[in-house]
Amino acid sequence: MTRNTDTGDDSGDAVADGGVAEGGQRSGFSPIAALNERFGSDFVESSQFWLPPFLLVGLFVYGAIIWNLLISLTDFRGFGTPDYGDLDLQMYSRALADSGFIDAAINTFILLVGFTLVTLALGLGLAILIDRNIRFENTFRTIYLLPMSLSFVVTAQFWAWMFNFNNGVINIVITSLGLGRVDWIGNPDIVLWAVMFALMWQFAGYAMVVFLAGLRAIPNEHYEAAKVDGASTVRMYWRVIIPQLKGSTISASVVLMVFALKAFDFLYSLVGGYRPPNGADILATKMVREAYANLNWAYASAVAITLFLMTLGIVGPYLYYQYNRGNL
Amino acid sequence: SGGGDGSDGSDGGDGGGNTLEVLHAWTGGDGARAAEALVSAFDEEYPDVDHEFNPIGGGGNQNLDAVVANRLQNSDPPSSFANWPGPNLQRYEGVLGEVGDVWESEGFEDVMVEEAVDLHQYDGAYRGVPLGSHRLNCLFYNTSVVEEAGVDPDSLTSVSALIDALETVQSETDAIPMTHGASGTWTTTQLFASTMLGQEGYDAYMSFIDGSPDEAAVRATFESLAEILGNYINDDASSIGLTESNQNIIEGNAAFIHQGNWAAGAYRNAEDFAYDEDWGFKTYPGSEGMYMLHFDSFLYPSDNPSPDATEQFMAFVGSEAAQVAFNQYKGSIPTRTDVDMSQFGPYLQETQEDFASADERPPNLQHGLGVPSETMTTLNDVISSEFSGPYNVDAATEGFVDAVSN
Amino acid sequence: MGTLELDGVTKVFPDGDGEIVAVDGVDIEMRDGEFLVVVGPSGCGKSTTLRMVAGLETISSGEIRLAGQRINDVKPQHRDIAMVFQSYALYPHMTVEGNMAFGLEESTDLSDGEIETRVADAAETMGIAELLDRKPADLSGGQRQRVALGRAIVRDPEVFLMDEPLSNLDAKLRSEMRTELQRLQDELDVTTMYVTHDQTEAMTMGDRIAILNAGELQQVATPLECYHEPANRFVAGFIGDPSMNFFPVERDGETLVGDVFDYSLSASTLDDVGDVTDLTLGIRPEDIALAGDSTGDHTFSTVVEVVEPMGDENTVYLRFADAPEGETFIATVGGLQQVSAGDEITVEIPEETVHLFDGTSGEAVHNREIDE
Amino acid sequence: MGTLELDGVTKVFPDGDGEIVAVDGVDIEMRDGEFLVVVGPSGCGKSTTLRMVAGLETISSGEIRLAGQRINDVKPQHRDIAMVFQSYALYPHMTVEGNMAFGLEESTDLSDGEIETRVADAAETMGIAELLDRKPADLSGGQRQRVALGRAIVRDPEVFLMDEPLSNLDAKLRSEMRTELQRLQDELDVTTMYVTHDQTEAMTMGDRIAILNAGELQQVATPLECYHEPANRFVAGFIGDPSMNFFPVERDGETLVGDVFDYSLSASTLDDVGDVTDLTLGIRPEDIALAGDSTGDHTFSTVVEVVEPMGDENTVYLRFADAPEGETFIATVGGLQQVSAGDEITVEIPEETVHLFDGTSGEAVHNREIDE
Amino acid sequence: MSNDARTDGGTVTEADPGASAGLLAGIDGYRVLLYLGLLGMLTFFLIPIESGLVTSFKNPSGVSGSLPFAPPTGGTFTFEKWRAAFDALGRGLINSALYAIPATVISALLGSFAAYGITQSDWKQKYKAPVLALFVAGIFIPYQAVLVPLSQFWSMVPLQEWLGFLWALGINNDYAGVVELVVTHVAYGLPICTVLFRSYYKNMSEEMIEAARLDGASIRRIYRRIVLPLSGPMFAVVLIYQFTQIWNDLLFTLVLVQTESSAAAPIVLILAGLGTSLEGQDFALRMAGAFIAALPTLAVYIAFGEEFAEGVAT
């Protein structure tokens, strides 16, 4: 930090000099003035604020992604160093031939879509309930959002117990309803939905908060106008209010999908290991497993790039949408 | 550099250059106690060696493997780490040193079982020293449950006999015929190995491991497995692990379990649960006279941070003192053939006798001795995707055959 | 039949531990087809009154009757009332056509075809036929205003309610829409209750004006009655811009004695005053005349403090010669009459133009004469 | 020396692919101590002009000189200029004293003691001495406005810039502050550039008014010059409320021929017109006189369409008898003159009050006579 | 939005004008359903936590022998699991705090810098947009996409040598992992911090900043004297949000510290493997551990729920 501030001081001085240089602009050339001319009057002076963070992010995020792409083109595995001299798409063709990868990709997709949909639906329901001018609104909202503050690791513990075959709350409840026990975590056909359910528990509060903000942004007059226009409460929500939540829905969906892509922590903690329960392998867990359990670095990088492209597919249009709406 | 010593031994804080750093995964239960016994025996033998024994917990051996891999990757190797010899050594290609002089000076080649001699060599050099051995083709049972069902375990000498017995248990009692903990795939892979050995015989098993599988044998094995797993195991098999599964035997909820003989460790610790009275052991049906081999060994990384101390440690690991100290707690047996077994319990004594007198000692499939780790991963992936209910015999067969074929 | 009656209508809001009486026993009767403007300062209860009529607020006590039927307990969606909101409250995700059709779809059984026809007709009336496919976001302020009106008229309700519908428009558009609204109301002849806080709107638009203050109804009358015959000092001060000048005076025989001036009254005026002694004298700025050099009973010498030329007229801040600096009153004089700050001039406050109010209750005791 | 010169000042904003010329070659010279009001419709470039003077926008072309020095490239913090913003832009976390001291601390080397003294003096001037320890959030609108002014005057700058400083105040406070601002500017005698879109403010406050439209300067003159001698049709229409009436006419010899009326001109007026034939005739509403029954050269019979009674006067929408319905013009008549919709009345448009503009360029060719 | 309530409440009030509307309004059917729904959801959100909590106080026979959500009885009650969990996790609490707190503070500060630099200063929108887009996109990058290079990077940085002076003080050299975690979390937390601050600064009055410029302050002085002092509320939001994120993250700890056996192991890493050893699944222990690990973020959440919600909603 100290060093950082020092740099700040230096460039501060530089700017003061820049001022002088500007005065003499007509006589000579000043690089600072030239930069400012091109990028805007405060470009140089403000860079002391945004440039260091920007470089940090640029290096660690975007530099790393490019590096990752490079590694995914090598055959790097085991111990040693990647050989950047020999780049090809072998790892990607391997992925396409790997049924585990295909399964993980399909699971990722199902999780993405399923989780997002159910969470949005529940979140919207909660938001509407909360928004009905209730008493103790803050208490309800706080509790609904509570799981969001917990670590994936913690919620995994809770849900491992909830889904426990013999003594979990869920099986207790369904047996008390006269149904047979279900092996939530063990059955590969069910486990993904069970995970989805647990994640929904954790993030429905988030969707609620976003929708609530959306609901509150709709002027009271719209509710009243719909009433005066003769609509019942249900019709009012269906025709007038919910269609106006498009923006909230989009931003909540994007964030939820990104959460789903990151569900690694949850799956890892559920079993305490790199291999999630059968049927719940997703690209995020596969990537980490290939890298850190199997040392297939290049292959893991290729999986990671696939995951990244999936994210980009979601976030890219979102960024574009935000840009068009002038939010960037 | 995921935590660990300075890489070149000269910069480590507390003179780490000479500190012996040993990584293993025995973090709980018998393992922890055995590791403790090992350490104190080591202290007794080599009081001057600075050492640091680091148990790496979590996920069975997975975490240990990951940590070791990472440190080797970062050229920051520990002095030694616990692992399996055999084809498993392939994955440490290029980062293991040689301990041939230890073998020579200690005369290990003469006292270790011959399989140990073979399996600890890679690329023509010794890479580690064995500490103990578990047996894998075991079938344990709860005496009272099998009695209630009217089944005589000793009479089960083929897989089909086993299946019949399971059927009997199913119809005669409320107990689970065979308990299975399949939350990890490894138990099923391991069951495959024992079943194949028992049903298809030694040669079929060995050619499978050696990369020239007989598809019909593999298919037949999977068919039997499908029958067992599809009909006779516990409902919650897929969500529990070995420990809970084994608990079913102890609590009298199940008749049989197939496991390595580490399962017996839990019986020893359970109250009022005595060998031969409450629980019994039977070689996995059909594999009588065979001892499916397993080794716990310590490997020697090259670029060793404490070469001298490590060599001392290696010599110690192969010594009688170490093997007795460790194995009696671990529930395994020494890999030396010249050990006095009097300190071991009756079950281990029997195991040692079987070991010594076995006709064949086929290497295990799941624990490193049979196939390289990469193949093992693939086998487990096949189990995971095709054979964890519903049981797809065709796909599993194809997957296994492809995985081992070379 | 759109007669609308408010009978002792009161609204009490809970406020922490206490209560706020937002509307206090308001009685209004509106004829079918009447255009009533409700006006008053901010917070006086205008919106609350309107919202009670719409059914958007419950009524604490009193009764509202529409065409003779008590509607206190009828849900808003079942009252046959259309409302135009200050913010227009157009549904942003629907086209203009969707916005206009919504009410018909929800409240009637009309077929799609009929709805389309009615929407098209209403759009024609409002001159927004070519906007039907646009979304509200693509409309200008004036167009949105028209759509909001269109949405109300398409339903052909018994009563229109409008809450400051013009306040979001700029001045020019506002005066344009003002005229248009009047024309429309003339044409449709639907009972309309129109809320504004702008006295210009009130004066120019309504058949009658209802003036509210602090929840209480002050006067319901035609605009000119309110201007020339205010019921009390509040109305007198509220209606008219610049405001009426007020001077507190004490009656002393035939003379009103103020702080710095005396004002003698004629017999007929004295009659009106009766025995009230504590009075307020009111005079509208445009009634104060420059007297030149002539002096008379009701002329006073004053000093000009500030002149604000407005072009067509000047607003002159005057001070009685004896009054302390800063204590000014306002007169408006023709734009070409040259007065400048510091001038001493004589002004006349003609007796026929003065108003007198009870100093305590504020009730008007005497209003100006109107020469017709 | 606070003379401020704008010399061909132009501002071009990039806009997608194209450009917006927000300010287009504006030339203004302000004397030291002058109070200039810049007025114009929304979006005409007023704020942009002011912000260029402040240094908050770069200047696309042209030159701004302060006391003769070109300041185009001087950063805002080094120009000796203080600005009062529409939102006041007080620093919410500092006390009033902190707000006022901030500029002195940042831009001068004064000691703490000196700064304190100057702040105290300025606070005295603005009458906010007892507010010095409060935070802006604890102040009323008017007090905030005073603090914002205080913050500007304490720096004793060469030039004050004010961008609609009164628009956030309510009507009453606004007119109060208007007077106060004028008084203050008189007292301090600092060159002041004041932006507003409110023509009343422009008329009443400035020494001179600069009228902008679409980025171009229309006229710089005293308020009354602008009212009575507008440079062009835009100025004539912009200044004055209600606006001047305009009629397109064609000159035919000595007569102006409109759509529905003819208007004969005297020789002196014809002189002004010269050889322009395409003209616009302008007449202010207050100059249209009810002629009673008398007829003359410049009387016309009209129909009253709408009467908006304002109390002190009525705004009357008239239509020439021959004009189609809806084509109205406005006259203001005394509040007690009874006219009602539908009446036919004769009005006079006196020749000495008419304005004539070039029909194409809009330039004034003849302005009304002023009888002084 | 409360019109329904108003209308319905009104009916009741009308029937009994003297009664307090609040009490009686609860009686009508619609409201009853509404509150039933709310309470049902409340149960749904609380039951996993509740059953975890009661289980953590049960001995093994209590865990297997009683309903998972029933509180422990006298016979099955024990503190043992909490004690065991605390023994296992105690050092993890400290280790987690060691990187979570510095990383939170630094990323918040840098985020504030960055947001100020690209929001409140005057350079061309055309160039700002891509810079900002990179920050925003950075929020959404799955960490997996950078994991391999990240391990490569940290294996190349001779951190062990640089920090030699610390090891000389007797600090376990595993703590290099803590330093790596701080830097890593700062880098990956920066995008969200920046975006949060940006939304705040964007709403900050532009005129106020301009006023400060005209008052003679440089960009740096404006930050110091105007923007920073006014950022308090957003700092609260960002600090709370970041702290929970960093505290809760497992992936980076798994990659950089690797093992719960490390002296520097953070709490989540220890918790992930807790109670799943060869001993079998000890759910009571896992639950107790889960609560200990969740304690700091829960405390933050309960104390600063509003700020947390605000951070989350952005």
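In order of appearance the chains are A, B, C, D and E, and numbering begins at 1 in each one.
Assume a contact is a pair of C-beta atoms (placed from the backbone, for glycine too) under 8 Å apart; a residue touches a chain by one contact, two chains touch by 3 or more.
If you're wondering where the values come from, they're calculated on a predicted model, not measured in any experiment.
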Both-way neighbours, i.e. chains that touch chain D and touch chain A: C, E
Pair of chains ranked first by number of touching C-beta pairs: A-E
Relative orientation of copies chain C and chain D, as a Cα rotation angle in degrees, nearest 5: 175
Most widely separated chain from chain C, with each centre as the mean of CA atoms: B
Chain centre separation in whole Å, for chain E relative to chain A (CA means): 14
Computed distance of Cα centres, chain E from chain D, in Å: 55
Chain centre separation in whole Å, for chain C relative to chain B (CA means): 93
Sites on chain C at which at least two other chains make contact: 55-56, 75-76
Set of chain B residues in contact with two or more other chains: 58-59, 63, 66, 70, 73, 240
Chain E: positions in contact with at least two other chains: 3, 22, 151, 218, 255, 272-273, 276, 281
Residues of chain D that touch chain C when the two form their complex: 42, 179, 182, 200, 203-204, 223-224, 227-228, 239-241, 284-286, 306, 308-313, 315, 317, 332, 335-336, 338, 370-372
Partner chain A, residues of chain C touching it in the complex: 51, 54-56, 75-79, 81-83, 85-89, 91-94, 102-103, 106-108, 151, 155
Complex interface listing, chain A residues touching chain B: 78-80, 99-100, 103, 163-166, 181, 183-188, 271-275, 277-279, 281, 292-295
Chain A residues within the chain E interface of the complex: 1, 8, 12, 15-16, 36, 39-43, 45-54, 56-65, 67-68, 71, 82, 126, 129-135, 138, 140-162, 164, 166-169, 172, 201, 205-206, 209-210, 213, 215, 220, 223-224, 227, 233, 254, 258, 261-262, 264-265, 268-269, 271-272, 283-284, 287-288, 291-292, 297, 300-301, 303-305, 307-308, 311, 314-315, 319, 322-323, 328
List of chain B residues in touch with chain E within their complex: 1-7, 11-14, 27-31, 54-59, 63, 66-67, 70, 73-74, 240-244, 247
